[in-house]
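Same chain, two partners: chain A is paired with chain B first, then with chain C.
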Partner chain A sequence: MRYVRLFALFLKASFLVELEYRANFAARAMVSVFWAGVTLVGAGVFFSHTETIGGWTFNEALVIIGLFTFMGGFIQTFLQPNVQRIIEMIRLGTLDFVLTRPINSQFMASLRYSQMFSMVDMLLGAGIVVWACIRLGYAPAPVTLAQFAIMLSMAVLIVYSIWMVIATLAFWLVKVNNMAELFNSVYDTGRFPVTTFQGLIRLALTFIIPIAFITTFPAQSVLGRLDATTLLAAVAMGVGLFTVSALFWRHAVRSYSSASS
Partner chain B sequence: MAHQIEVERLSKHYQVHEKEPGLAGSLRAFFARKYRVVKAVEAVSFNIDAGEMVGFLGPNGAGKTTTLKVLSGLLYPTSGRANVLGFTPHRRQNEYLKQFTLVMGQKQQLMWDLPPMETFLVNQAIYEVPRADFQAILKELDDLLELGPLLKKQVRKLSLGERMKCELAAALLHRPKVLFLDEPTIGLDVTMQARIRDFIAEYNRRHGATVILTSHYMADVTALCDRIIVIDKGRLLYDGNFRALIERVAPYKVLKLQFEQQPDLSALAQFGAVARADGLTAVLHVPRAHAADTAARLLSQIEVDDINFEEPAVEDIVRQVFAGKVDGLSPEVESA
Partner chain C sequence: MARKYLALMRLSWGLSLEYRAEGFIWLMTNLFNVIMLLVWLSISQAGPVNGFSSADFVAYYMIGLIVRQLTAAWSSWELSFAISEGRLSPQLLRPIHPIHQEITVNWSEKVLRMILLLPIVVAVLILTPGVSLHVTPASLLAFAISVAGAWAIYFLADYCVGILAFWTTQATAFSNVLYGLKIVLGGILAPIQMFPPAIQSLLEWLPFKYMLAFSSEIALGQATGERLLFGLAAQWAWVLALWLLMRGLWRLGIRSYGAVGA
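Showing the complex of A and B:
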């Protein structure tokens, strides 16, 4: 398929860019290991005082931490660089080059650049999940893995859509970097099980900024504790948000007038 | 369809917010924005045929770029109609997007950290150019523009001129039928400007591509375009043959004279309008039709050290058009 080939080409170009800056790679890898370590030690401190947090034991919470690190890596690798680029293109008017291409403009704008070094986080995160399962002495059944695959794809779709909505706001507000920062702060809550939070905050983290669907619920699915309602809710949430982001983008492009006349 | 590009009473109005200077003004603008409508393009009409090279002239903010953006489908017209190659640009159908290209001298599409070849390959994939065609087109562009070693150098290490050559190549890989060139020579030195100009002319000759060019450098337009469209404050002031405009606005040649001794000004005046006279030099405006015999008469009657005919400066002519000093320019008649 044409778009898959194009995406591969985009990835290749981005990878070539990263190879231009070798020192940056080493620094990035160190930062990744450092933050994964901070998260792990932090969790260790919490659990040295209590057996469970929000109903999750330390080893179970490790799965959440792994997914938190993985999704953080995904954001850093694919979403953040493109969103920054979109904001810049809107400000400078170079988005014209995207909009005059015979190709879906959202695809081109949102997947053009990636910061491959941050994949280190994705690998680390995946490693932590596997490590947690080993510590639990737990091997997920094929059905569980299939459910997890769905939940993870939905998590990816949800995160992508939220970032795209933020980026699209730049058409009107031009500078939205602080909104991206705001999302990152809220995303930080994803390192804890959503059950840790009470009342309104928990509701907000489930339905308004659905961090629960990004880390806690996929973690539940790895552990085979997912009920059908949550699975369906995740699919509805993923598809729904993606549709919203695509429609919003289309609307924005339509009302776009570039920076210099 | 009769013409390749048809523009009919096209208008584009923007809403812009205004900001008064200073902190107080900024704060006020942050909370309550005042809007104002800018008429960037107002009821502009013209037609362009396949293979034509047309120059858009006008001062900054005249509406040249806005018109190009409407034609590229980037802006929706407020009213009026545009049609290019049988397509309505703002629908941005892929079949249309594949047939034109937009080059903006002030903006770049090349990937900054990579050699231009990487951008070329991405464009090849986006425009679905078959490999064999791509090789052939690249070879031709390489010959015309002498890209050679540039293709393997990171864009950030290229000079402005080298980068522009690669920008043009990147924009032409899909062999577009229509080229919108928005100040393609901006910031380049004279030699490089000439190179780019020659390339555009040669490309037009070889492939019969239609070219709309905007430029601040009059030399670009004089060298490339027989036809010009003059726009100012969003309105079309002139559309027609460049030479015809010159003859209408400046129906004279410029005669530059150098004397050995102070000439008698009243004697000079009988040969033409004295535009300037100081000391041993004088400049006369002589009617075009009688230029040669006037010069001959003058030489026989007055002692002259040196004599020189020049065409009136194009910049001056265009300035006169902008200043509204030229009456009777009726664009509708010209373009019909």
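Showing the complex of A and C:
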């Protein structure tokens, strides 16, 4: 409970900061709408030459695009700002101010800041998913929605864990920003069904950098086409990666001796 | 002017060598082209798409990689920060326009990028069966002129966006949109031939296709004869227009510029 209250406080603080920069908020919101438009126009061009991509029709692929936009917004809102600050704090030695607080250091370090204007992407993404369902004339059953809720939570856990592992690497490496950049570039594949890609690339996008679990598989669950194996794999992947990231963080903090000492 | 450029070049080359590890980040921007190529390859499995076979897509995107890296520009970021933080003032005192410094920084980065990128592209082009490029002395010359024009268009457009920082604090949002337009309408998302005919003929008159796709079309032998001449004329007309726009904006901007702390 205490952590929920703290998280609400963090959100409020970030929101108040952003209210100071309203012109920035407006400009960023426009950019978000623009990029969502780019993704949709792109899909339109691709699908004007083919009925299906990777076995998905245009309307079905819209669900993936919606989730891609939503999760991209989630990364920009909650993960990127904190991870950037963690890397900065490790370099400058100011991480000590986080570690000495009487709460879980990973919680504090990874959720303290949020970039509210990127929530526009989350809203747009959710809107696209709903729009896709309307175009398909499809209303998900309660069981389907429950499955989707699980898949979405696991997707969130997976991206969170990946970003935290990257941030934690900054305890030992200097150029960690490049790895975040690498993730963002690979994430671009998430706007297409993972079945678009062949062979080793598909394997890598499923198990090594599991983009499939972030957009394609949750989209399958919206459409009620999820098999039990994938659901279990997602839960295992989410819980497993989160455990790894938490243990890794704890190990890093334990062997950390500030910047100046 | 040549001697001034030589001095600036030496300075910029030193800077790029110092930050060569940052080169990894731009390498990642190439991944977007590769992803688009993979998607088009999955679509063209069933047969050619609007005249593009799988090998054509490979050739188009590989040449596109080179053109994209040769024509990349990012000076609007530097310029808008310099303006909003007041760092522009010392640069204004120099006997040479600040744009020239940015140009040499841009060029020396490119030398480094080509050393890394060219071997990969050449290897892929040789190893992919069925790739055919249109190589004659005339087409090579046209390709070089078009790449120079593409660079000038994007660099000037981007610099104009940077100049907007004299009036707004949100110039980087505009540069983001300009970049997005290049991705969609410039031929990175899809070759221009994949768009509906009406949009294709509209794009003939807009600057975006001349930022990238036009050069790839020359290399693939899709723009020859009259089409080639029209393209080059349109491209360099845009270069001239953007250059005049840049000069005009700059003059207005300097007039309204009151440096922070001055």
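Annotations for the structure displayed:
Basically, the second predicted complex is superposed on the first by the 259 of 261 C-alpha atoms of A that agree within 3 Å, B and C clash if a C-alpha of one lies under 4 Å from a C-alpha of the other, contacts with A are read in each partner's own complex, and residues count from 1 in each chain.
To be clear about the criterion, a contact is a pair of C-beta atoms (placed from the backbone, for glycine too) under 8 Å apart; a residue touches a chain by one contact, two chains touch by 3 or more.
Being a predicted model, the structure only gives us computed values, none of them experimental.
Once the two complexes are overlaid on the shared chain, A:Asn24 sits against chain C while remaining clear of chain B.
Of the two partner chains placed around the shared chain by superposition, chain B is the only one that A:Phe10 touches, whereas chain C remains out of contact. Contacts of A:Thr243 after superposition on the shared chain: neither chain B nor chain C is touched.
Contacts of A:Pro102 after superposition on the shared chain: chain B is touched, whereas chain C is not. With both structures placed on the common chain, the touch criterion links A:Gly42 to chain C but leaves chain B unconnected. Of the two partner chains placed by the overlay, neither chain B nor chain C lies in contact with A:Thr57. Touching more residues of chain A than its counterpart among chain B and chain C is C. Those residues of chain A whose C-beta lies close enough to touch chain B in the complex are 2, 5-6, 9-10, 13, 16-17, 20, 92-94, 96-97, 99-103, 108, 254, 256-258, 260-261.
Listing the residues of chain B that touch chain A in their complex gives 14, 38, 40, 61, 63, 65-66, 69, 72-76, 92, 94-95, 97-98, 100-102, 104, 106-109, 111, 113-114, 118, 121-122, 125-128, 154.
Touching chain A in their complex are the following residues of chain C: 21, 24-25, 28-29, 31-32, 35, 38-39, 42-43, 46, 49-50, 168-170, 173, 176-177, 180, 183-184, 189-190, 194-196. Remark: chain A residues 23-24, 27-28, 30-31, 34-35, 38, 41-42, 45-46, 48-50, 53-54, 175, 177-178, 181-182, 184-186, 188-189, 192, 196-198, 201 touch chain C in the complex.
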